[in-house]
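Across the two complexes that follow, subunit A remains constant while its partner is subunit B and subsequently subunit C.
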Partner chain A sequence: MAVAAPPRSELERLERVWLPRPGILGWLTTVDHKRIGLLYLAATSVFFCAGGVEALIMRTQLAEPNERLVGPSTYDELFTTHAVTMIFLFVIPMSTGAFGNYLVPLMIGARDMAFPRLNALSFWLFVGSGCFIYTGLFMGAGPNAGWFDYVPLALRQYDPGPGVDFYALGLIFNGLSSLGAATNFIVTIFKLRAPGMSLNRMPLFCFANLAASLALVIALPPLTVDLVFLELERKLGFQFFNYARGGLPLLWQNLFWIFGHPEVYIIVLPAFGIATSIIPTFAQRRMLAFPLVALAELLVAFIGFGVWAHHMFATGLPTTTLVFFAAASMMVVIPSTIQVFAWTLTVVSGRPVFKAPLLFMGGFIVFFVIGGLSGIMFTAIPFDQAATDTYFVVAHLHFVIFGAAVFPLLGGLYYWFPKVTGRMYHERWAVASFWLTAVGTFTTFFPMHIVGLLGMTRRVYTYEAGLGWGIYNLIETVGGFILASGVLLIASNLLWSLRRGEPCGRDPFFGGTLEWTIPSPPPHYNFAVIPRVTSAYPNWDRADREIDERRLDRDEPSLPDGHRTPSSTVRDGLPDEVLAMPSESPWPVLVALCVSAIFALLLTSHYDAAGVAACFAGLMVVGWHADEPEDATGGEGLLSAGGVASSRSSPERHARANGWWGMAIFAASETALIGSIVGSYFYLRFNTSHWPPPDTPKPTLLAPLVLTAVLATTIVPFRAALGSARRGERGRALTLVGLATCIQAAYLGVQIHLFTGDLTRFTPQQSAYASVYYVLLGAAHAHVAIGLLFDLWLLVRLSSRLTPYRLIALDAICFYWTVVVAITVVVLITELSPRI
Partner chain B sequence: MSARRLELFQWFGLLAAPCAWAIHLVVGLYLAEAHCEATHWDSGWAPTQIALTSAAALVALLAEAAALSVYRDLRRTGVDAAGPRGRQHFFAVGGLVGNILFFVAILLTGITVVATQSCREA
Partner chain C sequence: MGRVRLRAVAVGIFVVLAVAGCGGDQDALHAASSQQSSIVELFWVMFGAGCVGGGLVVALLFVGWLRRERAGLTGRGGDDRAATRLVVILGVAVPIVLLSLLFVWADIFVVRSTAAPVPGSTQLTVRVIAHQWWWEVRYPGTTAVTANEMHLPIDTRVDVIGTSADVIHSLWIPELNGKVELIPGITNRILLDARTAGVYRGQCSEFCGVQHAHMAIAVVAESPARFRAWLANMARPAVPPSTPEQQAGLRVFLSEPCASCHTIAGTSARGEVGPNLTHLATRATLAALTIPNTPAYLRGWIADPQAVKPGALMPSVPLTARQLDELVAYLDHLR
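Up next is the complex of A and B:
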C-alpha cells in the first residue's frame, strides 16, 4: 500500500483534509455544498426539460381550434404535472437548492452548510419525490386535478384513480426535502457568517434566501395538513370537506392558499437575490437603498402570508372577509416597488456594462413589472371575479413565474458559470439567447391577456373555431417554440463553454461578494483564509483582501488541521466557535431510500409495511447519529489561525449552537403545523351550527386538564438536568432526564388509552368535528412520541459520558419539550372549547 | 440612549408593527367569520373590531417612535458600521419605512371592515 507523502505546506494539508472521495460513490455520499448544488442543478434541469416538453405539447394542442394531438384526460395530466414540475421540481429547487447551496456558503465566507448531511438528505429526498410524482405520469395515472387540486373534484368519488394520491403524497414527500433545506439555510446564514459579517453587512442574496427559507418553514405546514386531510378523506373516509357531514370544501382552498401565495414569493425571492447580486456588479456600484432592499425582501415574504384569500374572491366569501385580503394584496406591491426602483436606479446611476447577465436582469425587471401590474388588477374584487379562471390569470402567473423567477435564474447561470467552471461562456451566443428567450417569453405569454379577456378559460384542452381565439393561440404556440429555442441555445452555450470556454481567472466581472475572492472553480475548502468582512461588498475592500493574500503568501491558512469551519454570532457576526464538519456519509441516501419506500407503500395502502419501512428509516437515523462530531472549540482556534478581530468580551460569545437553532426552526414549523389544524378546527366550527354534532359526545374536562398539567411539570426536571449538565454533573442530569421521560411516557400511555376509548364512542368518519378532533389529538400525541424518542437517544448518550455535543442536544431537546408543552396547552384549549 | 435600550428599541421598532398587523389580520378575520357565518355574532362585533384596529395601530405607531429614536441616536453611524450600532442603524432605517406601511394597512383595513360590515357575498 502506498503511503501518502507528508504535506509540504499548510495549504496542502488543508487541501488533503477536504479532498472528496473520488468516483460515483463520492457523488452518492457527498456532503459538500458545491457538489450538492451541482447535483441539484442537474436534477432540476432534467425536470425543467420534462416540464418544458409538457408545455410544448399543450401549446401544440392549442395552436388551432379542434386540435386532437392529445385527449382531455391526457391534457389534464399534462397541465397538472407541468405546473407541479415547474413549481416544486424546478424553480424552487433550482433557485434555493442549486444556486443557494452553491453560493450561500461562498458568499458568507463559510466552508460548508451548517448541517452538511441534512443537506445531502434534502437533495436525495427531492430526487425521490420527483421520481415518485413522475412514476404516476409514466403509469398513465399522473396528477390530474390542477396544481391546486381543488376539492370536491379531487375527492375519490370524482377522481377515483391514483393521480391525486401521487400528487398529495408526492408533495408531502417533497415538503420534507424543502423543510430540511430551508432549516439548513436559516442556520447557515445565522451562524456560519465570516467574522465581521454583521446582519447589516450580509449580501442581499443571503437576505433573499433567508426570507424565502423562513417563509417555507411557515408555509409548508398548512399545505402538509391540507394534503394529509385530503389523503385521510380519500383513503380512510374522513369528513373534512364533505358539507353533508359538517365539512367545508373551502377549507381546502384556505389551507392551500395560505401555502400557495407565500409560495409565489418563495419562488421569486431567490430570483430577487440573484438580481441584487448581478446588478451592482455590472453597474459597478453598491445597491442603492441597500437597507430598504433588504427589508423589502423580508417584507415581501412576510406580507405574502396575509393575501391568500385573494385567490378565492370568486367563491362567494362575505365582503367583510375579503376586505382584509384586498388591502394586504395592495400592500405587498410596495416592497416589490421599492426593489424595482432600487434595481433600476442602481443601473441608471452606475456605469452599466450590458453583458448577458445584465440583459437578463433587464428582461426580468420588465416582465416583473408586467406581471406585477396585472397582479394589482386582481386586488380589485370585481375585476378578479370577471377574470378568474381565464387565460388572463395564466398570463399573469407566467410573467411572474417565468419572467420574474426564471429569467434571473438564466442570467445567474451565465453570471456564476465562470466561477463554477473556471471558464467564460460565449458572450455573443449569450446575448443572442437572451433576445430569443425574451422575445419568446413575450410572444408566448402576452397574448394570453387578450385571449383571457376574450373569455377563453384555462385548462380547456381545445376550443371551437370562430371564437376569435385561434390567432392568439397560434402566436402563443410560435412564441413557445421561440422560447424553447432560446433555452436550448443557453444550454448549448454553457455545455460548449464547459470544454472550450476561455479560462477566466477568479474574478472576471469584478463582483462585490466573497465568492469572487477565491479561485475559479472554488477549492474544496472554499476559503484558505477565512476572510474578515468590513462591508456588504467585501471583494471591493482591497485592503482587507490584501491582508488575506499576504497570509496566504506566508502559508497561514485558517484551520488547516481538520475538517472545520468557524461559526459566529447571529446578530453581529462575532467569532463564536470552531465546528468540526462531517465528511462523506452513506446515511442520507439510505434514509432517502427508506422514505421513498414509505411513500410508495402508503400510496398502495400497505400501511403495516410502511410502518416497517419507517422503522428502517429510524434505524438509519440512529446509525447517522452514532458518528458524533469532534467537540467544538472556542473561537480562539480561529483567532490564532485567522487573525480576525477578537470578541472575547462580547456578551454574545458562545451563543446558541447550530443544533439548538435547528431544533428551534423545526419547532417553529411544528407550531405552524398544529396552528393549521387548530385554525381548521375553528374555521369549521364557525361555519357549522352544531359543534359537536348532536350524535357526538362533548369532550370530558378533567382527564385532559390533569394530564396536560402533569406533562407541563416535566419541564422542571428537564431544566434542572440542563443546569446539572452545564455544571458537569452527568449522573444527576441522567437521573433527571430519566424521571422526565418516565412521566412523559406515562402521559402518552394514558392519552393513548383515552384516545382508543374515544374511538369506541365515535369514529373519525362520523363528522367533520370527529375528523378534526382525532387529527388534532393525534398530531399532539405524535409530538410527544417523537420527544420520547429524543429522550431515549439522549439517555443512551448520557449514560456513557457528557460531551459538549450532548450538552447541546440536551439544550435542544429541553427546548423541544417546552414547545410541545405549549402546543399541548393550545390543543387542550381547542379540544375543550365546546365546553367553554 | 443606553446600549440595552437601543437594542430593545431596535427590535421593537423592527418587529412590533408586523406582529400587530398579523394579529389584526388573523383575529379580525376570525371575528368576521364569527359575524357572518353560522354563529352570527352581531352584538359587540363592530366595537371589538374598532378596539382591535386601534390597539394594532397604536402598537405600529409606538414601533415607529422606537425606530425613529434609534435612528436619531445613531444618525451619524454608517450603513456598514461595525458591531451592534451598524446593525441597529440598518434595521432602524428599515423599521422607519415598514412601520408606516403597516400602520396605514391596519388603519385602512379596520376602517373599511367596520364601514362595510357586509356579510353579503362579494
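Up next is the complex of A and C:
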C-alpha cells in the first residue's frame, strides 16, 4: 500500500484525521456522536415497532367484549412489555440517544460529546438491556406484573416465574445506560460549548436535555434501589415488602413513584426541546420569553420531584399528605402553561410557514393541552380517587406521552432529515402523514376518557358486554390501526426520500441554531471552524457567519492537528482548554458484552459466575483506561482558533475539568442511591412498632464510630497529595495516596469482618430491619471498595508519570472520597439511630 | 323461608339482567350518592373550564394559521414586551387563580365529604377482604359472611373497612364513591352512602394478577327493612338438605376437597381459602360476577373452573355426572 500523499490543505488535514474506520467494525467501535445517534435511531425504531405491535394485539383483543384472541397471561405480558418498551426502549433513548446525541454537539459548536467512549458504552448497554428484556418475552416468560410492578404481586410467592426478574434486572441494566448518557449530556452542555456561547445563548433544545439529564441523575437511583430490593427479596428472601416481617408493600410504590414521576418529565422535556427548535424556525422569529421558557424547563424537572404521591391518592394516605401532594402537583402545572403559551404566541406573532414539522408541533401543542388538562383534573383528589386506575388515566398518559413526547419526535424526524441525509423529504406526503397520525391518535385515545368514566378499569384482558364499553373500544381499535398507518406513512416517506429526495443545501428551513451552519450531511469533524457565537440564534447572525466563512476561505480550520475540540467555562462560555478526543475503540462494546453476561447470570442465579463476569468487565475497563488522552494544550491554542477574546491572558486552567464534573455527577447519583436506602430505612422504621425486632441485637456503638472517624481522616492525606501533585511533587503525592489507601483498605477489611460477624448473629431474611441494615451497610462498603479500585489505578499511574490528565483524576478521586466519607457518616447515623 | 326465597329470586333476576344487559351499572358519571354527585359536579366544571382553556389554545393556533406567510414581518421578532406580558398573564396568572380555586373547592371542601368516616361514627360497618380474585364480605357484630356481593341499607352512611389477604386490590363502586386500595397488612376505609335502591356494580381496580379482569362485586342498596331481613338470613346457618339428592350432594361436598376450601355454616365444612357458600343460592352470579348463578352455569363452573376463569385458584375436582347433579342440587338449595 502506497504512503498517502501529504494533505494539500489544512482542511484536508482536518478531514483525514477525523475519517472514520470503514465497514461494520467501524460502526461497532464508533465513538462519533453522529454515528451513535443513528445507531440509537435504528434500535429505538425497532423497539417502537415492537411496542406498537404489542399495542395493536391488545387493541384487537379489546375491540369486542369477551374476546379470546389472547389469554390473560399473554395479555398481562403484552401490557407490561408494551409500557416498558415504549418508555425505556423507545421514547427516552430516541429523544436523548438519537436526537440529543446527534444534535447537542452540533448545536453548541462542538466536535463530539464530552465522553465519546462512554457515549458508545451507553448505546451498547441500552441494546443489551433491550435484548435482555425481550429474551424473556420470546421465551414466554416476559414481565407480567405491569410496568409499575406493584408488590406483593411481583414477589415470588405470587409471581414465581422469571418474568419479574427479566423486568427488574433488565431495568437496572437499562439504568446504567441512562446514567452514562445523562452524565455525558450534562458535562457536554456545561463544558463543550463554543467560546462565546454563554448559558443564556444556549439553544433551548440544550436546556431541555440538560434539565432532563439532571433529573435523571437524581431520579434513577430510587428505582435502582427499589429493583435491587425486589430482586433481593425474590432471589434471596430479604424482607422489604412483607408486612409479616416488618416490611411494607407501600415502600415499593413510594420508591417507584419518586422515580416514576420525574421520569415522565424526563420523557417529555427533550421533546419540548425539539418543539422549541422547530417553532422559532417555522414561525420565523425568536422564541418568545426565551429566559422564561428556559427557566420553566428547569423548574418542571425540579418541582417534578415533589409530586410523586399523586400516583398513590387511593392508597389510604392521610388527608394532609394528599392535600400537600395535590398542591405540589398544581404548582408543577405552571411551568407547562408558560411554555404552552410561549410556543403558541410565538407562532401567532411570527410569520408562520406551515410545513410538516410545524404541523406536528401544532398537533403536539393540542394533544399536550388535552393531556395536561386531564392531568390537572387528577389534582382534584376526589376526582382522582374515582378516575385513577381506569381508562381515563390511560387516555391522559397517552395524550401526554404520544402527544407531547412522540409528536415532536415525528416532527423532528422530518425537520432534521435534510440535515442528516442532505436530502429533502416529500412535503405533501409528510403533511398527509401528519393528518393520518393525528386523526389516529385522537381516535385511539380520546374515547378512553369516556370509557374510563363509564367504569372500565385498566389492565383488563377483556370486559363484560352490556356495560356500554364495546362501542368505544371498537372505535379505539380502529383508531389504533389508523395511527399505525400514519406512522408507517412517515417511515416510508423517510425511507423513500433517503434515495429519491431532492438534494438540499445546508439550511433549507433558515433555522437559527448552529447545526444549520454546516454542510448536510455534516462532515465527520462537524465544524471546520469552531463558530463565533454572540447570540442565541447564531445562524441568523450574518456578520458572525461571514467571519467564520472568511476563516475557512483562508484555510484556517480550528485545531486541525489531532482529534480535538475546545472546551469552555460553564456559565460564560469563555475558552478554557483544548480536549483530545478518542477515536474508534473496541472497549465500549466489549464492556457491554460482559455486563450483559453479568445480568444473564444474575437472572439464572449463578452468582459466582456473575462475579467472574464482573471481573472480566473490570479488566475491560482497565484496558479502556490504559489509553489516556494526549496532554491537553492550554487555552492559547484557542485564542487563535476561536477568535474570541478570553478574559485571561495566560493559558492556565480556569474551569473544573470534564473528568471532575463526570465524577461529581456520579457522586450525585450515588448520594441519591444511598439517600433512597436511608429514606427506606426510616419509612420502614416509623411504620413498625419494634425496631429492631425483638430477636435482633441492637447495633454496637463504639466500633462503627471509631471506624468512620478513621475513614474520615484519610481525606487529609488525599488533599495533601492533591496539593503536592499540583506543585509537581509526584513522589510525595504517590506516598500520601499510598498511605490513604492502606488506611482505607484496613478500614474495609475490618468492616467486612464485622459484617460477616453480624451475619452469624442475625440474617437479612429475618426481618425488614435486618434486610435494610445489611443493604445499607453493604452499599456503603461497596462504595469504599470502588474507591479502593480508583486508588489502585491512581497508585499505578502515579508510580510512572504525573500528567495533567492524572492530576485531574487525583482531583476527581479526592472529591469522590469526600463524598464517600459523607455517605459513611450518614449511614452511620442511620444505623445507630435505634440507639439514640 | 318462602318470602326470602322469592325475594332472593327477584333480586337474582334483577341482578342478572342488570349485569348482562342494561348497562350503566358501573358508570361513574351516574351518581347514586351525594359523594359521587360532588365528584361528578367537580368533573363537569373542570371539563367545562378545560374546554375553554383548550379552546383558547386551539383558537390561538388557528390565528397563527390565518397569519401564515403574511407579508411584511421581518426581523426575527421585534419588541416582544406585549406578547411576553400575555405569556405571563395566560401562562402564570390565570392558571394560578384557577388552580387555587380548584384546590380550595376540591382538595379542601369536597375531599372532606368523600373521605372515609371517623371510625365508629357510622351506623353500619362492613368488612371487605380482597382475595385473588373474589371479595369476602363480613358484617361485624353478626355471623353474616358472603362473597362478591354486599347489601347496604339506603340513606345510611356505611363505613367499609377493607384489607387484602394476598396482593394489593382496589375496591371501587363507581356510582357511589372513589376507590380505595386494599393492601395486605393495612386496613383502609371508604364511605358508601347510597341514595336510591338499586344494584351497583363495582370492580377491582388494581392489577392483581391473571384474573384481575373478572373480579367484580355487586353492591345491592335496599330499604332498611329488606336489608335487615337479608342480614338476618345471612347470619343463619345453612338450610339443611330436604331431598335425598340434596343429601347426597352434601355428602359429596364434605367428602371431596370442596370442604377444605369452603365454609357452609352448620355443616362440618370449614374451609377458609375460598368464598363462604352458606347462602350461595341467594347470589345472582358466580365467580365474582363472571357468570350467572344458574344450575347449568354452576355445574359448568364446578366441573371446569379453568374454562370459565383461566388461572382461578379453584382446582378442577374430577366428579362423575351423578355427583355433579347431586352437588348442584344441594348448592342451589342454599338460600
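Following the convention adopted for this analysis, the second predicted complex is superposed on the first by the 831 of 836 C-alpha atoms of A that agree within 3 Å, B and C clash if a C-alpha of one lies under 4 Å from a C-alpha of the other, contacts with A are read in each partner's own complex, and residues count from 1 in each chain.
Operating definition for what follows: a residue touches a chain if its C-beta (ideal position, glycine included) is under 8 Å from a C-beta of that chain, and two chains touch if they have at least 3 such contacts.
None of the values given here were measured: they were computed from a predicted structure.
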Touched partner set for A:Gly749, first subunit B, second subunit C, both or neither: neither
First (subunit B), second (subunit C), both or neither touched by A:Leu295: first
Touched partner set for A:Tyr461, first subunit B, second subunit C, both or neither: second
Which partner reaches more residues of subunit A (counting touched residues only), subunit B or subunit C: C
First (subunit B), second (subunit C), both or neither touched by A:Gly757: neither
Touched partner set for A:Ile334, first subunit B, second subunit C, both or neither: both
Partner chain in contact with A:Ile381 - subunit B first, subunit C second, else both or neither: both
First, second, both or neither for A:Ser349, with subunit B first and subunit C second: second
First (subunit B), second (subunit C), both or neither touched by A:Val323: both
Touching partner for A:Thr534 - first (subunit B), second (subunit C), both, neither: first
Overlap of the subunit B and subunit C footprints on subunit A, listed as residue numbers: 292, 316, 319, 322-323, 327, 334, 338, 381, 385
Residues of subunit A that touch subunit B when the two form their complex: 196, 198-201, 290-292, 294-295, 298-299, 302, 305-306, 313, 316-324, 327-328, 331, 334-335, 338, 381, 385, 534-536, 571-572, 682-683, 686-689
Parts of subunit C lying in touch with subunit A, wherever the complex brings them together: 19-29, 35-36, 38-39, 42-43, 46-47, 50, 53-54, 57-58, 60-61, 63-65, 67-70, 73-77, 80, 83-84, 86-88, 90-92, 95-96, 99, 102-103, 105-108, 110-115, 132, 166-168, 170, 172, 174, 177-181, 183-186, 188-189, 201, 203-213, 216, 289, 310-311
Subunit A residues within the subunit C interface of the complex: 71-73, 76, 145-146, 150-153, 158-159, 243-244, 248-250, 283-286, 288-289, 292, 314-316, 319, 322-323, 326-327, 330, 333-334, 337-342, 344-345, 347-354, 362, 365-366, 369-370, 373-374, 376-377, 379-390, 453-468, 512, 537, 540
Subunit B to subunit A touching residues, read off their complex: 18, 21-22, 25, 28-30, 32-39, 79-84, 86-87, 89-91, 93-94, 97-98, 101, 105, 108-109, 112-113, 116-122
